[in-house]
Every structure is written in C-alpha cells, then in structure tokens.
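What follows is one structure encoded as structure tokens, with my remarks underneath.
Chain IDs A, B, C and D follow the sequence of writing; residue 1 opens each chain.
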Amino acid sequence: MEAIGRRRWAIAEGYIPSESSFSNRELISHETACILNACEREAHIAITIFFVDREPVGPFRVTIPPRRTLHLRFNDLTDPEPVPRDTDYSSVFESDQPIIVQHTRLDSRKPEISLLSTTAYAEG
Amino acid sequence: MEAIGRRRWAIAEGYIPSESSFSNRELISHETACILNACEREAHIAITIFFVDREPVGPFRVTIPPRRTLHLRFNDLTDPEPVPRDTDYSSVFESDQPIIVQHTRLDSRKPEISLLSTTAYAEG
Amino acid sequence: MEAIGRRRWAIAEGYIPSESSFSNRELISHETACILNACEREAHIAITIFFVDREPVGPFRVTIPPRRTLHLRFNDLTDPEPVPRDTDYSSVFESDQPIIVQHTRLDSRKPEISLLSTTAYAEG
Amino acid sequence: MEAIGRRRWAIAEGYIPSESSFSNRELISHETACILNACEREAHIAITIFFVDREPVGPFRVTIPPRRTLHLRFNDLTDPEPVPRDTDYSSVFESDQPIIVQHTRLDSRKPEISLLSTTAYAEG
C-alpha cells in the first residue's frame, strides 16, 4: 500500500480520570492514542506530554512495525514517568514515517460509561 | 453537484465490543464507516483492516452508486473474513472517486449506550 | 474579523432516532449542523441530503447574517421535505461565503443521553 | 521542538447546559477549549464568541506560556462578559503563535455524564 499519513500530530485534550466503576482493563477509565502505521517501514515515534504549569515530559518512545496499528493507552506510559491522573495535559507525536493518530477517552467514573473520540491534528 | 471529497481515508481507532445490552440492530454494539459518494460516478472502494500483531486483511470491496451514502458496519464485513470482536484494529479506505468518510461507534455493553464519532483522516 | 472558513462542507454521518425519552426541545433526540458565519457578509447556504437508496433531496436553503451562528437542527428541516427518522443519510453544505460546520447528535432513546460531535469535512 | 499548529481556529458548536447533577468542578456541565502552545514563545490569544441573534462578544484574552497547555473552560470566561448558559454560540481563536485547539463538552444534566470532543477547524 502506498504510504498514508503525516509525521507530526497533536492532541490538545488530555485527562485521565483516577476513578473507575470497573476494574477490568476494557472498562477502566482510560485515554488512548490509536496510531496506524500503514506503510512498509517500521515507525519510530517520540511522544511529548505538555502540562499546565510545568515543563513537558518526554520523549516517550514507541515503535510500530510496518502494517500494524497500536492503540496506545496513556495510562500505560511509564518511561520517563507515568502520566498523572486527574490532570490536564496535551500530547505531540513525532514520527519518522507517516502515521495516523486518533484520540479516544473512555470515562467510567460513573457506571454508565461515556466515550469521546477525534482524529488528531496533523501536519508535516 | 461538483465532486467533493478525497480518495484515501484512514480511521486509526477501531474496536467492536462483543457484548451488547440489546439485540435489535439499532442498539447492538457496532462500528460504522459512513461513506458519502456525492459525485456522479459509481465509487469502488477497497478497505484494508490493520491489526496489532498480524498482517492486514483485505481488500474488503464495496461499491457505492452515484449520489448515495452507505453507512457500512464493520460488524457486517465477512469477505475475505469477519472483523474480530474485542480486538484493536484500524482501517484504510481507497476509492477511485472522491468520497467522504466518518467513523462512528455505538457501545451498548452497558444499557446506557455511548457514542463517539469523528471525520476520518483524508488525503489524495 | 478577517474571513475564516471554507465554502463546501460534508457530513457523512446522519441519523435521527425517532424515539426520545424526553419531550422538551433540549433533550429530544436530534442532529444539528452548527454553522458559523464569522465574516462580514450574509451567507447563503444550500444543503443537499443524500440517502442509501434514493436520489438526494434539496436544496434546503438557509441564510445566516454576518457575524452570526446558526445551530440548525436537521429535525427542523421541512422544505422541500422533512428528513426521515431512523434513516441513514449524509449532507453537503455549499455556501457563497466561508463558513465553519460542526456536526452534533444528541441521542435520548435511552434516558441516559449520549452525545457525539465532529468538525465536518471541508474543502473549497 | 519545532513549532506545530495554526494561528486561527474555530469551533462552530457551543452550548453550556445550566443544569448539572453534580456540584464538583470535575463533573459540573462544562465546555472546554483545550489549547496547546507547543512552541518556544508565549502565545497571546484573542477569543471571539458568536451568537444567533446579537453581535459577537470579545475579545476574551488568554496568554499561554511557551511549552504549556491550557484547558480553558468557557464557563470561566468573565471579561468582557460571561458566556450565557443554555444558549447556542460559536467561537473563533486568533493567536500570534501556532497553537492546537480541541473542543470538549461534559454534559451532566443527567447523572450519567455524556462527553463529546473534536479537533477544531484550523487555518492560517
């Protein structure tokens, strides 16, 4: 497949609720960056997390093989440090290959889960 | 109407819950690619589904007549194979005519349904 | 303010549930095209509605004064004909001035309302 | 980090419900413009709010330091005047530096909260 996507992406929204009404992985409150690498080369991605009142943290590094997707939970990031809960943040993704990024949140603070999703902002 | 749209689209998010609180078609958990062919020629679309840990599957082929919409449920795809439930995926759409693609999920794992939607990523 | 926006927009998703758990206007199931005319001239907009299995309907015509917004409910369209409920559709907006279009649905088939929204697809 | 973003953004949707099922800040009904300033200079942003039947209000002015995010609640705007509740509006953001804007609503009129979000419309 001909390469599709962009190399720089940003998600201005970001907030992981610390509370969840469920303990299983599917329904715990989480934020995800769904990243598609539809091209024929491994994509090396550096993620930077921005905050309201302190310096950005990163890069968090992920690698996606050719022709694969990664639904990356911000909840799972630990290196160089975890993403704090109940805290406003934003994120920027810089890749050496074209990728597509979509942002999704599942909020289960209440037992009736709520979802949001949007294609992220792209350039480059 | 003058043609509107793009020929290549991608949805990085993708996840069909296997559980539903309802059995009628309207409220069963589902993911949809809403595809508008507003132009004057039949659009032939090849869809490729990407996974986390195996090779992509496709093409799934759909045809949309001129001046028609198709709200295509990923749940309904069967050829070359069904889209697995409870599994992270992404999708790419390649059309020979300009189209517009929007992604929607209805999640009824809980009886209080939840919705998400976004215009997909376009190029070409 | 310097003009902002595009002249042609499309929303591939479209579905107005016929059922609602509430009868007040705020909470009845509805779909909205939020249209901003931030420029200094009146915007004349022609809307075409596309269906799965019949010819498109339109134009529905709306006028937005300079520096005004219109949150247009598809439920309220009547001329040339109402938008059918429980029916898949798409829409295209053609304006003589730059505008911005965002699509929102409120689904109150269940008493726990659900929302979706996305910036529409733009060109021109 | 190399600058990322655009200087002009618009959100055509806008509606703050006056009712909430909760009184804590996290769960009160609100609308947010998440704004990322990923570049190395302070961003000065002028926000204009548009209405259905009266002249726009603004500019509301916010400043974001370099490498910071601001999740700005429309509920919190007061100067030159508050954003009215239960009222359709739209907003335009004009920045002297590249920024990224994402729109989010949390609706807690019912105790089962509902969310929507979308990357805003960008140009410039």
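Here, contacts are C-beta pairs under 8 Å (C-beta built on N, C-alpha and C of every residue); 3 or more make two chains touch, one makes a residue touch a chain.
This structure is a prediction, so every number in the text was calculated from the model and none was measured.
Novice: Is the contact between copies chain B and chain C built from the same residues on both sides or from different ones, judged by whether over half of the numbers are shared?
Specialist: Looking at both copies, the contact residues mostly diverge.
Novice: Rotation angle for the CA superposition of chain C on chain D, to the nearest 5°?
Specialist: In short, 90 degrees.
Novice: What is the chain whose Cα centroid lies farthest from the Cα centroid of chain B?
Specialist: Here the answer is chain D, farthest from chain B.
Novice: Take the average of all CA coordinates in chain A, do the same for chain D, and state the distance between these two points in whole angstrom.
Specialist: Chain centroid spacing, chain A to chain D, equals 21 Å.
Novice: Counting only Cα atoms for the centres, state how far chain A is from chain C in Å.
Specialist: About 30 Å, centre to centre.
Novice: Please list all residues of chain A that touch 2 or more other chains.
Specialist: Only 112, 114-119 qualify.
Novice: Any idea which chain C residues touch chain D in the complex?
Specialist: 1-2, 4-5, 26-27, 32, 34-36, 38, 67-71, 100-102, 104, 111-119, 122
Novice: Once bound in the complex, which stretches of chain A touch chain D?
Specialist: 8, 10-15, 17, 48, 50-53, 55-56, 86, 88-90, 92, 94, 103, 105, 107, 109-110, 112, 114-121, 123-124
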